[in-house]
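First chain A sits with chain B, and in the next complex the same chain sits with chain C.
On to the complex of A and B.
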């Protein structure tokens, strides 16, 4: 039994919001329980001559934590986010431009990386940037007894032997990026993969629903239930 | 990104100015109306998100135990850090401080720290050994004019919402009780300073409260009052712009006092609502 009465393969209550920012070209907010990340996107827009690439759009990511000075952990998250979304964005359609992604953690209660990947995905969809596929992420942890828990909170993470974050692609169904820390066996890693795969399917439905609701509101049409 | 704030057409400039001369405003407010204030609190202590019209600022308060400075062994430490997130506006680049950012963070620090709004002596645990260091992180998320007033509301709301863990001191030993173990303690706040910004037009003849981004770009000068509910002026800032007569400053100060009282009530109401919601949640958890 978990402290918040969830099953081991349950994700926390999820909340999504699209287009809350007025200045940004696209924005998304994603919440896993108390963990919440806001993402804003500008672009594709002109960038400095020195930075532009002739054959594709340059993707710039900045990530900041909920409080405190920025550390190497934030730089690592930026790198992970950039390489994850470089595979999803059809950047060749907008050569010599830049797409700027900014993630701001509002509340940190574990699984911030997965939350920010999902928030960025929402923002990209809101900004209308051409994508190859939809990417969804979820984390899990393995405790000292070898039991796997999906979407751990900060409290649960204190007991973690290893933590894993997987980002899945909805077209091929494969893993786009994964980050693991701690000590774990091959079997544990495989069970983490399975449990995260199930979780990510649920998240994909959430994202689809959020976008559908927004489009229905904008167009006044009913797209039916998916 | 190269994209700067878009230049405003001469026609639009003239339109905004004429409208203000007639005592109206482009966004259908009257000269002394503040945009709608929305205050949201996070599920954790000391987290607020405030919308002033389309401007949005988030503030987070955190604390840790540190050794006090030798000069003030019985006083806790309060730190403010204001950052413009690159999502706030296309002209903001991460890692590079803009002039506006410096100006706003300095003014906020003056308004909240130098006015001694928060009791720093109450943050002392063991004199000369251990004190609380409270950190307020203010992040501007959406820049649509008058960031300062919005940031001030966010910071004040977060500070009022914040609870620090309880501690017991037995001899030399200090025990920190977790938030579930003992009910956490709010900061003791002496008074609530509120920023009210005015923008001046047509040689100082007209003034408007809470300028929007468009008005900010066209204004001929601005002035910020930091004032509390007791009508005490904490900070007054007029950094350049057109010269203003003394009587007009007094007139503005009176308006600022009324606006500050209104905003203080709004923050109080939002805080009460969040408190009752939290208690309800706790009760339902127990069941």
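On to the complex of A and C.
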């Protein structure tokens, strides 16, 4: 039994919010339990001649931890976020511009990378940036006995032998990016993939439902059942 | 594979990026608008929004955003940021600034052309909107060669709303401006780039109108009426005091 009485393949309670930042072109907040990330999108905007690309938009990411100085861990998150969303954004539609993604961790209780990928996805949709697919991410960990836990908290991560974060795209159903740390076997990796795939499918259904509710409230339209 | 959605006539349809939308390819040509791409017999959504279909087999996704993407023939409000040799550089809220030619005004000639200061607000029409080029705008109705309301705007107050709000204000059936105009007369210019200019006889009326339009942004119509009544009541109270 896990400390918060979840099953091994349960994600924490999720919460989403769109458009909370007034000065940004789009913003989104995503929460896995107590882990919370706020993401703002600025762009497509003009960037300097030196940085712009003639055939596509340049994607810049900045990621900040909940507190403390930014370290190599934050740089790694930035790189992963950029490579994940460079494949998803139809950047050829906005050549010679820059799209800036700014993620701020509000509270870190494990699985921050997955939380920030989901927050960025929401913010990109809020900003109306053209996208190929919806990307959803979830983390899991393997403990010393080889048992796999989906969406671990910071407390659980202390017992982790290895941790894995997978991001899936909803069109192909495949992995678009993954990050693993620790020691693990091939079988463990595959069971992590399976459990994360199920988790991310659940998150995609949740996002669709949440966005439908939000648009219904905003426009007064009735979409029927989702 | 994401769910393949069919157009359902009973309910408006929510589209997320990557959603596949089936249409009947044997019927006539279709025209796709913002937020859609075509792949064989499928339409693919690229934005979050509501799927719309109108006469002439036109399909598009109605979405809300804050950043303006220029499109030809759209009326916009811009601010002059630079004077250049052949005209003006104008900020229209898009990624690149737009160019406004010095001859793109009513009756402008080599000898007689308008002299706009940096910071001037102009109401203009987008003539060139290509993703690879800088946008171009003009303050002239090409069919009549008259200003027809385009050009420099003086006085009043400028503020920003979301692009969906600006579009809804331009809809003749929109109840918001009708309701507002019943209480006091005002002048308004709505730019498709989400900029709104408003002017009225008294400053408090301008403030009230701007507050109403900004607060109504993102609210359904039934809630807006209540909001307008509350704001107008507050305005009357303040006017009685002064």
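Throughout what follows, the second predicted complex is superposed on the first by the 226 of 226 C-alpha atoms of A that agree within 3 Å, B and C clash if a C-alpha of one lies under 4 Å from a C-alpha of the other, contacts with A are read in each partner's own complex, and residues count from 1 in each chain.
Criterion: contacts are C-beta pairs under 8 Å (C-beta built on N, C-alpha and C of every residue); 3 or more make two chains touch, one makes a residue touch a chain.
Predicted model, so just to flag it, every value in this text is computed and none were measured.
**Student:** Under the stated touch criterion, which partner chain does A:90 make contact with: chain B (first), chain C (second), both, or neither?
**Tutor:** second
**Student:** Quick check on the superposed pair: does A:45 touch chain B, chain C, both, or neither? Answer first, second, both or neither.
**Tutor:** both
**Student:** Answer with first, second, both or neither: which of chain B and chain C does A:223 touch in the superposed model?
**Tutor:** second
**Student:** Please work out whether A:134 is in contact with chain B alone, chain C alone, both, or neither, and reply first, second, both or neither.
**Tutor:** second
**Student:** Check the contacts made with chain A and report whether chain B or chain C touches more of its residues.
**Tutor:** So, of the two partners, C touches more residues of chain A.
**Student:** Taking the superposition on A as described, I'd like to know which of chain B and chain C A:26 touches: first, second, both or neither.
**Tutor:** second
**Student:** For A:126, using the defined touch cut-off, is the partner it touches chain B, chain C, both, or neither? Pick first, second, both or neither.
**Tutor:** Once the two structures are laid over each other on A, A:126 reaches chain C alone.
**Student:** On chain A, which stretch or stretches are contacted by chain B in one complex as well as by chain C in the other?
**Tutor:** 24, 43, 45-46
**Student:** In their complex, what parts of chain A are in touch with chain B?
**Tutor:** So the residues of chain A touching chain B come out as 20-24, 27, 34, 36, 38-43, 45-48, 62, 64, 66-69, 98, 100, 102, 104, 106-107, 109.
**Student:** Per the contact definition, I'd like the list of chain B residues that touch chain A in the complex.
**Tutor:** Result: residues 1-3, 42-44, 47, 49, 54, 56, 58, 60, 62, 81, 83, 85-90, 94, 135, 137, 139, 141-144 of chain B touch chain A.
**Student:** Give the list of chain A residues in touch with chain C in this complex.
**Tutor:** Answer in residue numbers: 19, 24-26, 43-46, 88, 90, 93-97, 125-128, 130-134, 169-173, 207-208, 211-212, 215, 217-224, 226.
**Student:** Would you pull the chain C residues touching chain A in the complex into a rising list?
**Tutor:** Touch residues, chain C against chain A: 1-2, 8, 10-14, 16-18, 35, 46-50, 63-67, 69, 95-97, 131-132, 218-222.
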